[in-house]
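Before I ask anything, here is the structure I am working with.
Chain nomenclature is as follows: A, B and C, assigned in order of appearance, with residue numbering initiated at 1 for each chain independently.
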Amino acid sequence: MHFALFFQIFNFIGIFVFAVSGAMRGVRNGLDLFGILVLAVVTAVSGGILRDLLIGAIPPQSIQDWHGIALALVAGVLVFFFHRVFERLQYPVLLFDAAGLGLFAVTGTQKALDYGLAPEMAVILGVISGIGGGMVRDVLSAQVPVVLRGEIYASAALLGAVLLLGGDWLHLPSWLSLLFGASCTFLLRSLAIYRHWTLPRPR
Amino acid sequence: MHFALFFQIFNFIGIFVFAVSGAMRGVRNGLDLFGILVLAVVTAVSGGILRDLLIGAIPPQSIQDWHGIALALVAGVLVFFFHRVFERLQYPVLLFDAAGLGLFAVTGTQKALDYGLAPEMAVILGVISGIGGGMVRDVLSAQVPVVLRGEIYASAALLGAVLLLGGDWLHLPSWLSLLFGASCTFLLRSLAIYRHWTLPRPR
Amino acid sequence: MHFALFFQIFNFIGIFVFAVSGAMRGVRNGLDLFGILVLAVVTAVSGGILRDLLIGAIPPQSIQDWHGIALALVAGVLVFFFHRVFERLQYPVLLFDAAGLGLFAVTGTQKALDYGLAPEMAVILGVISGIGGGMVRDVLSAQVPVVLRGEIYASAALLGAVLLLGGDWLHLPSWLSLLFGASCTFLLRSLAIYRHWTLPRPR
């Protein structure tokens, strides 16, 4: 499969699921239609915009073409009308956030590599891309960001980013590395949510 | 009238009114002189800086020359000494914010068009420029951002940005499009404040 | 002493002390290891990244090479294991923050001058670099930013930035200006913390 296309698909799925997580938070907080749409878009594109600003891909992809923002708006409208479907999931905001975390961690790492960053910095960029959207969503809705709440979160993004890098070193097909890295982040994060796994705290 | 000059005037008025709204928030929260000045400057320049970073106008205008920041400081000092005058208005923070919203929505859209962005993205950039300053002000003063509070806000900015675009298509003089778009945003937003207009919420 | 090296050393000490202040905040808020590391890194590099984005030094220094982030991670791990040592200080978060404030105020001003900004804007950039890290730390941990809490803070950063500029005008050796400016900011800010100095408030 053509790599650029695969990357794009992953990026769009990431935007969609982050938008759902932002819109669901808006529904929970009793926002109106436009507030929900704003939170959906901001959650969906902040991680990618931050990534692009930091690696020097300016204007950022979400600003250069309209597809990402349009997709986030569609997700927001869907949630507005069908939020009860999403609410059947136990933790809808966090679960969609976990999917976005995985997808953006691997696409962020890959894009940073494509822009010539060293591997160790590409991994950091992947983590930033993954955690950025949820961070902005939580700060805007006046909650302590999920990344600081003490379940495995940034560490799950790190796992996906490192696995993508490993796949690169082993010359695996890019789509396989992207898929594998994103899935492992999603699985680890989901397990942390449902089993309440945590990392050690200072004594 | 020369267009660049008109654009500049609009930009400066936008900076001034946002600075007043930030400084009034500082007075309300009991900040000292410097805290008020910081909140005035940050509210006034954040939207424009965000706009410039996103369209690739780097360094941003407010960083390249000192006029914007100086103007915001003057507004902050005025509020510090004469805040009782401003307090006679019923919602001073929100009303000055509404004026800034309209001015930045149209100048943001125009500048994005000038930098070659597609019309639909220029509109998005206008909305971002408009809502950016108030968002940062509210996050810094630990309030839920006005854009999420469920009165017509981002939608008012969208109206102004779309009207500017329409004026462009009709080949109206730029100053007329800017003025008309900004006024409509301001009027719609002010009506929403005083009449408590809202958009629909999810059931 | 070679100037670039001296600048780098100051930058790294600034990163380290801001990382300690972020990590101590994480310990106070009961975060786990990864949350503490994230808060350490974000506090340490946000001011410098913001500075670099604004002056057009893209990708920012902390993204181009790994030393800054690695240093922040080391500081975070040290705090995780030895936070009781740091807690013997009366206000550890604020004290390390004061050191970072001074160091980043002068290095930010100097870097902005090197990138060709006018002196008055370089001073503003210095203040932004100094207050950026603490602002992000406080917003993420859901506190009112220290810069708005009404003790001498941004004004202390301003003092250091202006002194650096004064040193430049007097053709003092750069290392001396950096050292003198940073020390004065640190002293003024520390005195404000321990003696509860404040600036005037509106009547």
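By definition in this document, contacts are C-beta pairs under 8 Å (C-beta built on N, C-alpha and C of every residue); 3 or more make two chains touch, one makes a residue touch a chain.
Quantities reported herein were computed from a predicted structural model and do not represent experimental measurements.
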{"item": "Fitting subunit B to subunit C on CA atoms, where both chains share a sequence, rotation angle to nearest 5 degrees", "value": "120"}
{"item": "Interface sides of subunit A and subunit B: same vs different residues, half threshold", "value": "different"}
{"item": "Whole-Å gap separating subunit A and subunit B, where each centre is the average of the chain's CA atoms", "value": "29"}
{"item": "Set of subunit B residues in contact with two or more other chains", "value": "53, 58, 139, 142"}
{"item": "Residue ranges of subunit B in contact with subunit C within the complex", "value": "26-27, 29-39, 49, 53, 58-60, 63-66, 69, 79-81, 83, 139-142"}
{"item": "Complex contacts: residues of subunit B adjacent to subunit A", "value": "53-56, 58, 117-118, 120-121, 124-125, 131, 135, 139, 142-145, 147-150, 152-155, 198-202"}
